[in-house]
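One structure coming up, written as structure tokens, with questions to follow.
Chain IDs A, B, C, D and E follow the sequence of writing; residue 1 opens each chain.
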Amino acid sequence: MRQKLVELVNVNKIFSKGFIKKNHKIVLEDINLELFSGDRLVIIGESGMGKTTLARIMVNLEPKSKGDIYWMGKNINKLSSKEKKELSPKIQYVHQDPYGSLHPSKTIFKILADPLKKNEKIVGKNLYNKTLELMEKVGLSPADYYLNKYPHHLSGGGRQRLAIARSLTTNPQVIVADEPISMIDMSLRTTIIELFKELNNEDNLAIVLILHDIGAAKFFTYEKGDVIILYGGKIVEKGRGIKILSNPKHPYTKVLINSTPIVDPELAKNRKIEQLRSYEVPIRTPESKGCPFSHACNQFAQKCLEENPKLKKIEDNHEVACHFC
Amino acid sequence: SSEKESVNSNHLQLATDWPFPFHGNPFGAGGVGGAWWFMYEPFAYYLPMTGEYIPRLAENWEIDGNDVKVYLRKDVKFSDGELFTAEDVINTVNFIQALWGWPYDIKEVKAIDSNTVIFTLTSTNFVHTLLTDGAIASLAPLHVYSDFAEQAEEVAKIGKEIFYRQIEGQEVSEEMRNQYNKKADELAQKVRGFSVFNTFGRVPVVGSFEPVNISQVEMKLERNKYHWLNSKQKIDDIIFKRWSSNEYVWASLISNEIDAAHPNMPKDVVEQLNNLNSRLKVISVSDLSDISLIFNFKKQMFNDLALRKSIAYILNRDTIRDVSSWQANSYENYYAYGLLKSMSNEWIDEANLNKFTKYSQNKTLAEQILEEAGYKKDNGIWHQSNGNPVEFTISVYGPHNDWVLAAREIVQQLKSFGFKVDMKLIPEGMRDNVMRTGDYDVAIEFGTAWWGYPHPLTGYRRLYEGDIALITGFPSTEKYLTPWGELAPKDLIEELNNNLYDEIKAKEIIEKLAYITNEYLPIIPIKEKVLPIYFNNGFRVQGWPDEKDPIWSLAPGGIERVYNLLIGEGILYPIE
Amino acid sequence: MINNLKIFYHNYINPLIVNKKSLFGLCILGFYILMAIFGPMLITLDLNSNFAERYQRPSFKHPFGTDYFGVDIFRQIVHGSRTVISLALLASFFSVLIGTIVGVTRGYLDGFMGKIIDIFIMVFLVIPSFPALLILAAIFMDKELNTIQLSLLVAIWLWAPLAKQISAQVLTIKSREFIEASRLLNMSLPYILFSDILKLLIPYIFMNFVLQIKSTMEFSVGLMFLGLAKFEATHWGVMLNYALYQAGALYTVKGFHYLFFVIFNIVLLIYGGILLSRGVEEVFNPRLRGDQ
Amino acid sequence: MKTIIKVEDLQALYLVKEGTIKAADGISFSILENTVTAIVGESASGKSTIIEGITKTLPPNGRIISGKVYYNDLEILTLKDEKLRQIRWKEIALVPQASQQSLNPTMKIIDHFKDTIEAHDIKWDKRKLIEKASEKLEMVRLNPESILFSYPMQLSGGMKQRVLIALSLILEPKVLILDEPTSALDVLTQAYIINLLKELKRKLNITLIFITHDIAVAAELADNVAVVYAGNLVEYNSTNKIFNNPLHPYTKGLINSIMAINKDMSKIKSIPGNSPSLLNPPSGCRFHPRCVYSIEHCKKEKPLLHNLKDGSQVACHLYYEEERVNETKTCRIS
Amino acid sequence: MDYFIKRIVYLILVFMISVSIIFVLVNNMPGDPAFGLAVSIAQQRNMEIEQALEIARRMIGVSEDMSFIEGYIKFLSNLLRGNFGYSTFYNTSVNEIIAKSLPWTIFVISLATLLSFLIGVYLGAFTAHKKGTIIENIISTLSSIVQAIPPFVLAVLILFLFSVRLKLLPMGGAYPVGLTPTISINFIFIIFIHALGPVLATAIPQTASWILTMRGNTTQVMEEDFIRFAEMRGLKDRVIAGKYIRNNAILPLIAGLAISLGYMLGGHTLVEAIFNYPGIGFYFARAIAVRDFSLLTGLFSLIVIGVVITTFIAEIIYIIIDPRVKMK
């Protein structure tokens, strides 16, 4: 049975500085999304597009400005504190930076055992076993060798594995990971994505990955899963991952994919990477009009400056927000 | 370079402490500390050793009952050339009465002519102060303070009236009081804001030196060319350095920065100073006071004579003296009778004295006394008959280093005898507070001090009526057994006061008082305090008199008077 | 438990022993602490003065010579170490305790309460501490304060800088991601405060504790010097006072060793504290030791 | 074409508390003029160490144990400090990895240009300096007016990276070495920088060496690729060969693990195991614990970089054997 | 701008509270303000202390009928009008005392701070560059030891050594009394010579601490990436040591510089007493001793103002010189 785990309805995020509207900064605009158990979802966008903000709002680390968020069908603003205590551990978050998200002076055992004690109420020998089990699961082996080590004894990939293991201590149903591979080495990135795939397959965990590496997104959603492309806090394209990444419709997505390096030297040498008109990240205020991408888009028209395109369905599992698609 | 400069000009460098800023107005901000005696003159100086009055502003005086007629010196001029007259004296008296509320002992002051003033006093007790106090004669020259003179006179008058009415137990009307307060405040406001320096550009004074420059750390006085001794005087300027600490003064003496000072100095330091500066000489003269152990009689324990006696026998006063101020006159193997050792011969015959108990260290005797009184030694600690240990603190005024050293030694001696004794420092500024509120057990204090009127009466008054009595609460109205029967010290003092000029009678009474003091120990004198006077002979000035010279006995309570005399008479003069 | 001890040893003690500076500092402090604890039991002291034997040169009988009263200086130093060291340690302890509590609270509280605590800290920063201490001491002068009260009195004027630093540290630690992770993992506030945050501050706090010893030493010596603390003849501050002011040891050739040995011990003790704190700083401050 | 840089048996290590980290262990290669060379390898494999060794700019605890580096005919490592200083930036410019913190925070961008030219005794007046700097900044598509007089703080990461490149061009060096010029950047900015470098090469006659751990970037830009593993140069070859016919088992694994969009997703596979610690690297071939082809010999003897007939260079015993026993070659490597 | 206004309001609040605390503390001090004066009167006039006390009370006009609250309000309102109160002991306004003495104190502590800062920064940078050498070891050990010497001991030692034994420096004071202050080279020289003792006593421990902080900062900056980058660009060592290392290492010290000036205002008491220097520290000690409560609160308030203002200036300076802060 597919259970609806997280739902965002018309979520907006505005950072306001003082009362002057001009200084308000729209970071997320009308975000709608649903997440079911066992889903894979990738949110793609460049720096400053609002990916982190979206992820943090999803796990309730940050308040939204407008809209509603539901966890397991319940509006999170109306949760009793008991419900909150029960529900929030089910939705876990993995930080981008595996160096900062682990306590530097706690042993690996302690990092895993403390939340286990607290959430699963396990003690003694069981605690030890469970810890080992978790470490094996994320591929930190030999597990008992690492138990008394500190995070700095691990490589970047190892640390990210540890952070993932820690997020598993609450037995979550959703894991939202914010750029989990951006701080780790190329050659290890694949293993982390593979790990997420495994968790998704074996435990039916819903996984939300925030990525800017399109190749990784494609690899992750290859078997199943959706992709959301964010631009200027807006979803500009959304749908089945492999479809969008192989056949993008929105001009931004196109440029993005076109810019991604490819591993064919012959092709690469001769291909012309499309250049945008501007590389600035747009700052949207409540007064901004038009499509956020219009200032950089190579095929913009007057309409784009005036009217902000809505997300519309162009085929099954594929929605685009562009006047020309 | 400073050495040369100083040597070339004819000046004397001294040290004292003064509250800065000084506006040239002794009723206003600040003051001049020791420089006072160079600027203002009393009617006369008094030499305790010879009992002689040295005329200053007064050439002569006649005492007639409560009236004192003072003949002013005729050739006295202020440093701005104005003549000093009876009007100035009257104005000064009005001023101090109006602004300080003192001395109401002067009922009235009148000028007979410009050189004769007549004072009407409330009692003859005040004569000595009248003649010798530096404030009464010359503080407020009329030509300087004329703007306030009338007002001052009025305020002084009302103030006196209120005072006398109160003394006589009469009622003082509210209205009168209010009127007084209002007028006195008004005057005070005006006078306080008055800067003589600013208004006159100088401070006209009657003394031999006029202040010309007063800063926070140094003070410069220049010779008063109109002074009656000007022709004899060979020193032009006096520079005062601030006496910021004893160490600073030591250092200044070594480095010839100052010419004379009287800081307490340990023996070894003195030796070393002589090595470093061979011109440095030291003499010591009596400070006309003694350092004593005083008891708080409000605390039950000290009412026990046995305890006090034992303490007197436990202490080795020689050692205490050595440690704290080695030049002082030792009292070891001596009496505790309230007379200064250096003056003793004048007042008590040797033969009579021998009948008194001598206190020299004798621990066995002390133990014996205690045991007889029911004290017991237990575990090395003496206990009272009620079982409590003999436990007390000795308070000592922190800033005086000789006192602190003495206290440390006393504590140690009592401790090793088996008393539980601790030492407590009274920090600067707190002495008055602590002593007066009786917040002490035993303390180090001046016992008898004779600086005022050098007569045993002064000392006994202190012990049984005055400052010390107030602090200790010794029951001086009670009667004490003496060879002459039961006597109360308070009564004896009254008697002595009445027979002050009857030498034989007075001696008799003094003997009785001495006996009581010695036997009943309201205080235990430790040593007779001396002023160790250090001077650089032959660096800037020379001519310092011999240690025996009676002039030194003028030093206690204002050593600058001695310097003033020495300079004025040309005894002290610049090196060639 | 044993494991914890091992880890503690490995993390905190071992690095200190390995570092030359802190080891030396530790030795000095350890020496004085031992002296304070056992010295007075092992070495007797006769305070009775013996004026004739004053200012004896250091010798076998009197390792530091005798003072102005003819009393053995070494023995006095030993007996005085107890007061000096207990006051210094206690006062440092209290100031660090207050500083930590206020600092951590401030770091964790935002908004109005935080601002208020800020002002509170700032107030204690701007009031000059030594004169204020003098006044406080004068106020309590006749109250016969015991060591604990006295050290509290000193600590009151020393905690503020630490509180300020700690609050800044907590503020940055608070925004570190592992704190957020702890919150997401449902960990309790005490866990976050004491396990997550305080754990990182321990080296820092320790460092400050050692650093404070210097100031408290100076303060307590100053207090005795000015006669505002309970008078103890063997307190080093009092000995210094005697040497410098009462006995004028600086001014005589004979008495120089009197002054010297007192100052020597004060300086050595403080120097030990400074060395240890330097060492602690090097060992625990990641910026100074590189990221190993 | 002529060899502009030649490295012979470079050995560099770092002194740390625990011992020594052998971060560059016998590196030899040569670089031709006007080519682009990419050095790839995973994190901590010694890429930076190699180029810092070449330019003698290792951090204080780094030591060069042996080796020779020729720039044209000049031997760099034995040069006097002053001489070396003069060569730096003017002949060989190295833009370091941590470019975010490489600018002096208390100095404006223009002053960085000024210091640089002054260090090489070039006397331009202010106008000329601004003119030249602007020219270089425009080349990297930055607006000189706003950039020149701002502080590093005011620039974004991508801008700083570009400023460094502009700065590196001010003296128009012969050799430009870039340490991970794109790894901290967004896809679009990265693409932009790659484009820029391509253009530079075309316009300026420059020899480019750059480091990347993203082998896809190498594919885009490089003529030759040097693959580094655990302090060893394991393969040095033309880009085409590296991607089409990787020789070393590690290179193969690396190429397979890349999640590039134009790849067959089902073929993507990570290399098993962890990279070794350089404190005590594995004996023999450092890759042998993770290598599927590993034979007993690999554990014992360290393979040296070897020239194959077609000009490829590889350090793997499998190819030694090939030379010796020609026939076994085909069956072992597939 | 917003920031400054907020900051100013905040600091004013801090000032008010501090001053209030001081007022309460001082007014709870035991003791009698008339006592100090009484002692000198008693000595001058050969009279009993009791009588002298009464005269002293009249002279300084202590009115005991003002309630604590009234006194507090009066104190505050005076303070806000720039009136620091009326010294009972000196019988004059505290403002006059401050006007006469503050310049000297500021002179000495600025000189000491400047001197120690310059030397400290120089030696600190020097030792950092010479890490591991004997010179570095000597300098840093010496600095640690100097820091361990209580400042008053140092002051007495300097006085004894330089003024008494070696006669290199004058015996305290600000200038000899015979001289009238003029603006001449000679006079300025004399002023400097006289200030040297107190300056040394204040500057020596300060120098030690500057050395140590500067050394730490320099070491830290030397490890920064931009230093290596500067080397890579072939910059000359001299330029790197100056513009790159020194400038960046000094920055954090500048704020400390202003603040330390403020704090020294409060800690200068003993040194001035020992050198007989006419600064406010001298009055401070005196005010405590003679229990001149209003002078004490006045001086305290002055110091607090000093600290508050220097703190504020430090913040501004920091903002001005460090572009990193300016951006935020």
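Couple of notes before you dig in:
Throughout what follows, a residue touches a chain if its C-beta (ideal position, glycine included) is under 8 Å from a C-beta of that chain, and two chains touch if they have at least 3 such contacts.
Bear in mind the structure is a predicted one, so any value in this text is a computation, not a measurement.
Traced through touching neighbours, the fewest hops from subunit B to subunit E number 1. Among the pairs A-C and A-D, the greater number of C-beta contacts is found at A-D.
Taking the mean of the C-alpha atoms as each chain's centre, subunit B and subunit C sit 45 Å apart. Between subunit A and subunit B the centroid-to-centroid distance comes to 91 Å (mean Cα coordinates, whole Å). Between the CA-based centres of subunit C and subunit E the separation comes to 24 Å, rounded to the whole angstrom. The multi-chain contact residues of subunit B, meaning those touching 2 or more other chains, are 245, 247, 251, 254, 430.
For subunit E, residues touching at least two other chains, in rising order: 30-31, 156, 160, 288.
Taken together, the subunit B residues at the contact with subunit E in this complex read 2, 5, 9, 17, 19-21, 23, 27-31, 33, 36, 99-102, 129, 132-135, 185, 188, 192, 213, 215-220, 237, 239, 241-242, 244-245, 247-248, 251-252, 254-255, 257, 276, 399, 428-433, 451-452, 462, 466-467, 470, 557-558.
If you check the complex, the residues on subunit C that touch subunit A are 3, 7, 11, 176-178, 180-182, 184-188, 191, 195-196, 199-200. Note for the complex: subunit C touches subunit E at residues 118-119, 122-123, 125-132, 134-136, 138-139, 141-142, 214, 218, 221-222, 225, 240, 244, 250-251, 263, 266-268, 270-271, 274-275, 278, 287-288, 290.
Residue ranges on subunit C touching subunit B, taken from their complex, read 47-49, 51, 54-55, 68-69, 138, 141-142, 226-228, 230-231, 233, 242, 244-248, 250-255. Only residues 46-47, 155-158, 184-191, 193-194, 212-216, 218-219, 222, 242, 245, 255-269, 273, 275-276, 279 of subunit A touch subunit D when the two sit together in their complex.
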